[in-house]
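Paired with subunit B in one complex and with subunit C in the other, subunit A is shared by the two complexes that follow.
After this line comes the complex of A and B, so read on.
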């Protein structure tokens, strides 16, 4: 009985040694706020410089179509990402983009019929549906895998960055500022760094989805 | 100090070396006001009888030409439609939308017709919600006119039933709508509306009969009547009694099947000179047994009556449309049957009966362009026409540009 207890104590001690937390990767956290001091949701904070070499493998991403809307409406990806556009509505959609960073169209389809689209150029890709005018989304193609999206309070945390000096930028679809105007240099050492961005947003009145008999096929 | 200098230098270098990268992040934000347009030009070969739009007995939108000995087929290049749509999102998420159409053959000139001018507000979401709409609009009964700018989705021309609904009815009024998806997955919808301007509704059917086309009536438009110099107003209000209509729908959440029922009564007061009292019921079934197949069936039955002259008529029409589409291509076949029955045996009978078969092939080229070919075989017999079958068949080829 005693022997079993010793073995158990030794096992737990060994396990504790093995799972001792390693030194945490430093992170950059902060806020993106508007001129009124309120947090801005759905802003993308990303490392503008230095730009890492292109990764050999990039995980594919998904923009779904649910309830006549793109889900998510904003998808930041690193350049070289394949994005699928499944349509889980019961009606057909015709996804397209005229953006210089990626011009494409996926003619009328439902379900998983559409092939994935490769986003191989940095920039903003606005997507829409040729049938439902109000459907709009943005795929933000970034030169770096180091990006994050602010929460509803405008807070963000960039993790998995090695120590170094970075230029960070905050982007928002309605920002009046160019990214260079919001760019900040951050020295990241062993301690977490803090950055605060202030963006001025233009007024927007997005078109809401339409329902009812006149728009149902 | 040195850190600040380093940061500044870093920013300057970034800015100097990669301005093209920064520019790529600019967003062309959605404007609160939007504009769209549709241009449809065609080569048509129909007839031989001149179309009703030319005051002839022909029952398709384009017909032949009169000759010394009768009629002959004619080929023409025509501007069928120029539609301009403008919309805006207003405060409180109110959606404003207007559409004007130029249809030179139907209007007999290039004057734009106001097809739609509405304000719409919705509450709720796809699962449960309701909406209010007010302004100038047609009825929601057509199962086919769900394409861009209210054009037929499955073919160039709509069925006789839907052609009439869109060419002859334009009301100024308001409607309320409710929709709900139950827990068991049944989608329900109920729409109730009222509008002024339908006092001549039905006159076209009695005096011309059913026709196959794709013209959209406007509130400031009028339509030709066969063998008459006068035209009939699309919007005409004489008795100050609004038309009432309702549209009830039920379907499954996967949109495999939906059943629709509509009723309209223009409540025309026949004691007023020239006021038609027209009412009808319509029932429609939309089936999607396969994601690439659309099957539509719609039936309409009603009556159009006027105090004088004696042109009271009962009206009925039905169509079955089968359409298959794959990516950019759509192939549709439709069978129409229609009938007008003279109720008061006046000196000029309004009776007619007929049927039609329409075959269409549509190819979408990119987002902007569409090519379409359609052949209509029509067998129409109207008692007071010298020509028993003025529109045996005809074809049209359409190029459509959508902005």
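After this line comes the complex of A and C, so read on.
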């Protein structure tokens, strides 16, 4: 985990260094809060419309399996993304999904053997492991490459957007709202725009006894 | 009470025994009924409670097994795949799902397998059900499972059957649907419970019997019509087809309103040993009554026969046979009575013998005095008056009269003499041929024996007048008598051998009295008394001449006084000289 975060921090720092000289690009920032006013972490904010034409090349993504858990547990991707599921545990995993957006199965494998899976349909893909019931993850297949994930305080910033009018939506695994229902229209000019989303989340399902194995060494 | 007193001994004994036996029998029967029926009720109630608990634990055990089975099955990847087909309209095939359900039914031995999507829409059912493609989200236990996303169980009515159903979510890895497994609660379950516990069990609502260990028409006579009070269920008696059953209606928490498990045990069957016991006790009672009758008869006979024999002996004795004895052949109270009777008869016989023996020789007074113990058998010294009476010229008279007339004359005279003596409380001691010797003051001690003796002498003279009148009318010459009296201390007692014993006195005064009587001839006096007598007389006696005369066998002469009469206080008539 530490190694992973370290990589992520390096990547972000490098990106900032690269982008900074060409600054002055407008960004949309804001918050996603719950009914109680507290910020919601791990909410995905994305541009619902307009959808850009399908990109000819989309960078492949990775959902790793480390310590009998999916890393990350939530992976937003733009439709057409190839996702690899490397297994860094010393045991086999059997990754599957029955979600209508993508039904697939990667039968028992170890290491990097599994072929990448193409997520070619917008929707929520819930993935699991056939032999470890507690392993759960979500690949959120979005119609746009413009998306971001809220920090622990529920704050987000969408960058790299040209000026224009956008319909933004917020999604969370525990929200029952469809993306259309949380949609907000934003006018993005030279200045930064502010958007606030409010989502009511259903109670998280209590972790069952077998989920306790998630923390086993 | 009069009826009781008048009834025979046999009846009394029988009635007493019967009352005792009946009271004991009734008390025993009543007590047994009370104790045994209470005990049976308690035992049966406990059995019913146990059956209820067995049923509860069976249901819990079945539910636990269903939960385990369904959880395992829901984790089966193949099932997840099968259920996930509903996400894709192209692949969704209820027939395939139902056949998969059939396979699961056979695999884990349940009677019902239903599959729903994540919202509770029935995807497939085995056996086939009309609700397929409809939502059953409101059906318990699915409604609870939808809420909790955990396995839940409930007893529900599905179509015509009663099922214990578990609903368990299928995770892939989030809920993609629900699996419902059901086991029927049918007659076989009830029969198994009955085999395990011995109690009848029925699953029913007030309007419907779902399953029962009863078969035949009795099954349709069941009802939980009795209002069930709050709190734990209590047993009650229900009459089914003429047989009483202790019943316990235990409510079942189910999706079916007013569903009960009615547990029943035959009260009459449990009481059968009591009734058998009571029958035997009644039989024993009847035998005891018959025995009481026989005992009454034989006891009464045992009492009545000797009593009759005794009464008969009493009648024989009453008729004068004092030698008769009652037969005694027993040692009890009756024997004691008979022995006492025989002793009494012996006593009577002895007294009669003594009386008879004495009576010939002594007066009735003496005999009674001896029998009463008033005469000491060792003799005693007594102050008495002795009277001698003699007929003057008897020898000449006896030659003149024929023997029959002579004895008749004597007897007429002696009758009067005895009457006069006894009138004054004296005792005729002996007849001396033509005379009489009498005692006064013995055996009965009398202080005034002198006056009594003199009054008796005057009485003899007085009565002689009447005798002479009678004799003269028969041509017999008048009799002349002499009476001599003396008083003094004598020895009195029973004299003579046993068979001839008689009361008598001995002593000088007796001889002197006889001498005084002899002097009457010399003085031509009728009554002569000694000076010792005269000294004891009151003034009412008229005395005549006095004389001092020598007597035979005595050195001293004897002073005698003639008695002429007696002035009685209530009699003004002066007795004339004889």
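Here is the rule we use: the second predicted complex is superposed on the first by the 182 of 217 C-alpha atoms of A that agree within 3 Å, B and C clash if a C-alpha of one lies under 4 Å from a C-alpha of the other, contacts with A are read in each partner's own complex, and residues count from 1 in each chain.
Definition applied: a residue touches a chain if its C-beta (ideal position, glycine included) is under 8 Å from a C-beta of that chain, and two chains touch if they have at least 3 such contacts.
Please read these numbers as outputs of a predicted model, since none were measured by experiment.
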Just to be sure I read the superposition right, which of the two partners does A:135 touch: subunit B = first, subunit C = second, or both, or neither? second
For A:126, using the defined touch cut-off, is the partner it touches subunit B, subunit C, both, or neither? Pick first, second, both or neither. both
Which partner does A:61 contact after superposing on A: first (subunit B), second (subunit C), both, neither? neither
In the superposed arrangement, which partner chain does A:96 touch: subunit B (first), subunit C (second), both, or neither? both
Go through the superposed model and pick first if A:27 touches only subunit B, second if only subunit C, both, or neither. neither
In the three-chain superposition, say which chain, subunit B or subunit C, touches more residues of subunit A. B
Should A:144 be classified as contacting the first partner (subunit B), the second (subunit C), both, or neither? neither
Doubly contacted residues of subunit A, that is, touched by subunit B and again by subunit C: 94, 96, 100, 126, 130, 133, 136, 205, 208
Subunit C partner contacts - residues on subunit A that touch it in the complex: 94, 96-100, 103, 126-130, 133-136, 205, 208
Residues of subunit A touching subunit B in their complex? 48-49, 67-68, 90-91, 94, 96, 100-101, 105, 107-111, 121-124, 126, 130, 133, 136, 138, 140, 143, 165, 167, 171, 173-174, 178-180, 183-185, 187, 202, 204-217
Okay, in this complex, where on subunit B does subunit A touch? 3, 6-7, 10-11, 14-15, 19, 21-22, 24-30, 32, 34, 36, 87, 89, 93, 95, 120, 122, 124-126, 129, 131, 140, 146, 153, 177, 179, 189, 191, 247, 249, 253-255, 258, 260, 286, 291, 294, 325, 327-328, 364, 366-367
Within the complex, which stretch of subunit C touches subunit A? 75, 77, 80-81, 84, 87-88, 149-150, 171-174, 176
